[in-house]
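One chain, chain A, links the two complexes that follow: it is found with chain B in the first and with chain C in the second.
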Partner chain A sequence: MGDNAILKRRRRELIVGAVLLIVLAVLPLPIESVYLRGLIVLTLLYAGLSQGWNILGGYCGQISLGHALYFGIGAYSSTILYVTLGIPPTLGMFVGGALAALAALLVGWPCFRLSGHYYAIATLVISQMFLLLASNWNFINASMGITIPFRTQSWLDLEFRTAILPFHYVMLAYVAVVWIIAWFIEGSRWGFYWRAVKDDAAAASSLGVRIFSSKMAAAAISGAVTGVGGALYAQYIAFIDPDSVLGLSLSVLIALPAVVGGVGTLWGPLIGAAVLIPVQQLSASWLGGSGDGADLMIYGALIVVLALARPQGLVSLFGIRSQAGGAVVDRA
Partner chain B sequence: MPEPILQLRNVSKSFGGVAANVDVSFDVARGEILGLIGPNGAGKSSLFNSISGAVAPDRGEILLEGRRISGVGAVACTQSGIGRTFQVVRSFDSMTVLENVMVGAFARLRGSHEAMAKARAMLEFCGLEARMDRPAYMLTPPEKRRLEIARALATQPKLLLLDEMLTGLTPTEAQGGVQLIRDVRAQGVTIIMVEHVMEVLLPLIDRAVVLHLGRKLTEGSPAEVVRNPDVIRAYLGDHYAAV
Partner chain C sequence: MTASLIIQVVLGGLLMGFVYALVAAGLSLIFGLMNVVNFAHGELLMLAMYGTFVIHENLGLDPLLQIPLIVVVMFGIGVAIYRLLIARALDVRFNTGMVQIFVTFGLSIFLVGAAQLTFGSDFRSINNGFLSNQTFTLGPVILPMSQVLAGVVCLLAFGVLAFISRTEFGRALEATREDRDAVALIGIDRDRVFSIGWGIGAAAVGVAGVMLASFYYISPTVGDNFALIAYVTVALGGFGSLLGALIAGLLVGVVEALTALFIDPSLKQIGIFAIYVLVLMFRPNGLLGRL
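Let's look at the complex of A and B:
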């Protein structure tokens, strides 16, 4: 028992992950619809983004409502490097990730001294501030945004004309890498420390856990992952503007799949994205555009129903141990 | 006399004008079980927080094996060999029992496998091996107290601070706790314990330090301390001291 139970669970997670990877690799092949293929690409992107958010918000318990900032930094850095200097986005995304990590550290440095909800509010305000700055900053074309011109088909530049399938594999690779990062963190000293910080900071520090640096490390990794996602998104859509890559609604969209799926779990963000992103996109295309916001009402209602029915996150449907939510609910 | 493992010299701490500890000085000998007793509000928990590094004393100093540890912070105190439990149990409720103890083990071990092995050993030592894979929040209150000890022991402390570890337990449970504390001491760990349950505490401890209104009232063997008129007065009022 004991260590065997943990090791067995971790091995099982790897096997399920590998099977899922194969299924997702084959999934788009029989699908003809461009719309549906695009939907899956977005779902994969948000699964990765939300898993990235989960590293800080789920494992370490620091709820960020400003992850759009890191996403935007990644999107803008890679795009500007590509458009003005011709540096390939496959390289630029790492620059974007690094800058996003740096931004997460700069936000964390003053804000992790705040407790509880104040951190969430601070991240929200800071990201909104940068939305305004970006909207008026001429160097990045202000609110007009930047269109990424098509040059030549290339994996190095992540340019595929109108083909969606290559982006399916790009995003799948992204999710897989983020998932593996989360898997490693779960089994490592860092992962244990971050969860301890989330559960009870005073007890954690009595066991030798450095609270502040734990939060900073989680923020840096989470920010980097989000920044890379922003760069990939920019190449996929080929157009970015402050509203689409720095807006509050994006911050919420990044956090929601993890929250609905199950915070602090390996599978929660994936399951959450698989449910939420299609519902959001489909309801928007069926009901949206009429100007009455019916799609948002349905989307909002769904989230309320899910939160009421499965407060521990959708992962609990599968009998997967849900960490944070589970304990909170059962304690009540 | 060998060097004491812990020395407190004129430790004072106030919180917003309220003096929690005033000029508290005493030594703790290596390997002993020291009881820290006193009525409510005597400053016991506050002193624990100073020794464990959770707060820094305003004045005075605390030495562990001759090295100053006051003001260095909780993490450094853990690294230099101080472990503690909390008056109100603080388990990591999103984790299993084994994982809780692994957090402690990581204080000295980097690899997960080593931490797991250490945590397992500590759980066996504390009689919780059967609960290893349970979520921590499912434990009964006495089991949670054991979990806190296992977790603190996993940091491999030289000195263990137990804050009301036996309070609120049934007599049978408390006897189990007493046995565990004796076992811990037998491993060479020095223990300071805060406790209210005198009939359990007095037979267990080697020496007692009595605090009253933040100051040290007296110290000595359990027998001396309970006969001390000042102690009786502090606990029961002037009337009983005169009797």
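Let's look at the complex of A and C:
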């Protein structure tokens, strides 16, 4: 592909993104149902989270099964700053994001020497370790969790009583920012480095790509994005506890939209979230109200079927390929 | 704190360690063979535990006597999982590593849902088995008989696994792992070897499940904890190493028991995690890892 074609494609991506942003901004207005509005808010949140995961897992090829750790750090930092010191979450989320980025670097430091499945398992085990610690740490109220009290309606504090529409725009802004970050990365030198590391680390290294620092940079950005998402989630739900913000199922839920939609693509996480989150939520409220498990069966079967039928992701239905050039085969 | 208490706790940890080692061995075998991590491994354990529970409730057959039956059934389940899902996942042309991970994750979610639908979320247990309420006494040490026998049976099963790895079939496994295309030339069918590998891995978990069912509570998510311990054990011992799984399993069992005794029972896994992080830093491929 020539330079010109790449520029054209990137400009087209921006235009499609802008149109999509407008559509999504108008989308909730005619919807009356509180339930449906909430469903869209969650879908947006997971689209953003999964795009954040995609930066490390998709572009850089490091499959993390522990992103709940960064999410939880963001959620707890912002919440504790707000509840105990009154620091607004619009500020606290950046503290949470920074701490999550730091955590991602600390996890990355020993783990990026591991290859393939060793890395995936290490991230899983480390996040489970912090789940256990958080569940026993009285300073953060252990497994009881923290309820965020409603004080006064405020954009600064992201408090809107029971209104959902403001959160729609908060989450939409979040997705848009993360999408723009991913768009910049795709065109930047880092983006090329990461894809090179993913495709063939040995070859990339011989061409002068510093593999370790490439992975660390991807981890820091990915962790920061996830941490901010955790802080936003905490304000939206107004309650956090270790199981809901640090659990393994959350790590999987963060990764899945990107995997199902198409790893290492701009649109994959969005498409994946638009399919997975409604299926998961709707089947849970229709079938799983009594906790009878049928919803989990549908959700699990859907993951299996999509992963096997569309290993390159749902984006391939639209003729979009991973930027790494089509046949991305992991050597893991 | 008396010396006999510590001895008792260490022995209890060792016995649990044999169970952990057997669960980890199944995981390690499959990984070593085809570079696939089975994220539904804990759910296989859960299936075996429910299977034991149901047969015990309905037919009154004691868990101990169910071992051959559960081994056969679990072998079949392992083969079926390979044939239906894993063989396809190995053949995809894109993102193979990622597809393998998420296919087994999807399977684990599916199985938890199926167990919840069938049995509800309540904890079940077998209280009136042959071994229930019996104790094993050796000098000052008193341990529940079910736990002692679980350790012994798992160690025996581990011995069987080690034996298999030395037979002709074991060498075929080894050869298939080394080069799956080359073995085709000498008439070894990849799919056949891999599906038997999955069968053996699932059967090993099945034995552990039967023994656990006689003294551990049973719930749809009971596998989570054991799977986590199995990942740590396999990563500690080194993926693909049977001896590594045994040593690491015993280490994990003892460390867990001692952490519960000296620090806090609700933090008993912290000791395991601490050792895991240490090994991660200094021996990233595990104690006996060669991959």
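Throughout what follows, the second predicted complex is superposed on the first by the 320 of 332 C-alpha atoms of A that agree within 3 Å, B and C clash if a C-alpha of one lies under 4 Å from a C-alpha of the other, contacts with A are read in each partner's own complex, and residues count from 1 in each chain.
Convention: contacts are C-beta pairs under 8 Å (C-beta built on N, C-alpha and C of every residue); 3 or more make two chains touch, one makes a residue touch a chain.
Note that the coordinates shown come from a computational prediction; the quantities given were computed from them, not determined experimentally.
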More chain A residues in contact [chain B versus chain C]
C
Counting only touches as set out at the top, which of chain B and chain C does A:Leu114 meet: first, second, both, neither?
second
Where does A:Ala122 make contact in the superposed view: on chain B (first), on chain C (second), on both, or on neither?
second
With both complexes overlaid on chain A, does A:Ala202 touch chain B (first), chain C (second), both or neither?
first
Touching partner for A:Arg210 - first (chain B), second (chain C), both, neither
first
Under the stated touch criterion, which partner chain does A:Leu165 make contact with: chain B (first), chain C (second), both, or neither?
neither
Residues of chain A contacting chain B in one complex and chain C in the other:
327-328, 330-331
Touching residues on chain C, where the partner in the complex is chain A
31, 35, 37, 85, 88-89, 92-99, 101-103, 105-118, 120-121, 220, 224, 228, 231-232, 234-235, 239, 264, 266-267, 269-270, 273, 276-277, 280-281, 284-285
If you look only at chain B, which of its residues touch chain A in the complex?
52, 54, 73-75, 78-79, 83-84, 86, 90-96, 98-99, 102-104, 106-107, 110, 112-113, 115-117, 120, 123, 129, 132-133, 135-138, 151-152, 154-155
What residues of chain A sit close enough to touch chain C in their complex?
57, 63, 65, 110-111, 113-114, 116-118, 120-122, 124-126, 128-129, 132-133, 135-136, 248, 252, 255-256, 259, 263, 291-304, 307-308, 311-312, 327-332
Interfacial residue positions of chain A with respect to chain B in the complex
1-3, 5-6, 187-189, 192-193, 195-196, 198-200, 202-210, 264, 321, 323-324, 326-328, 330-331
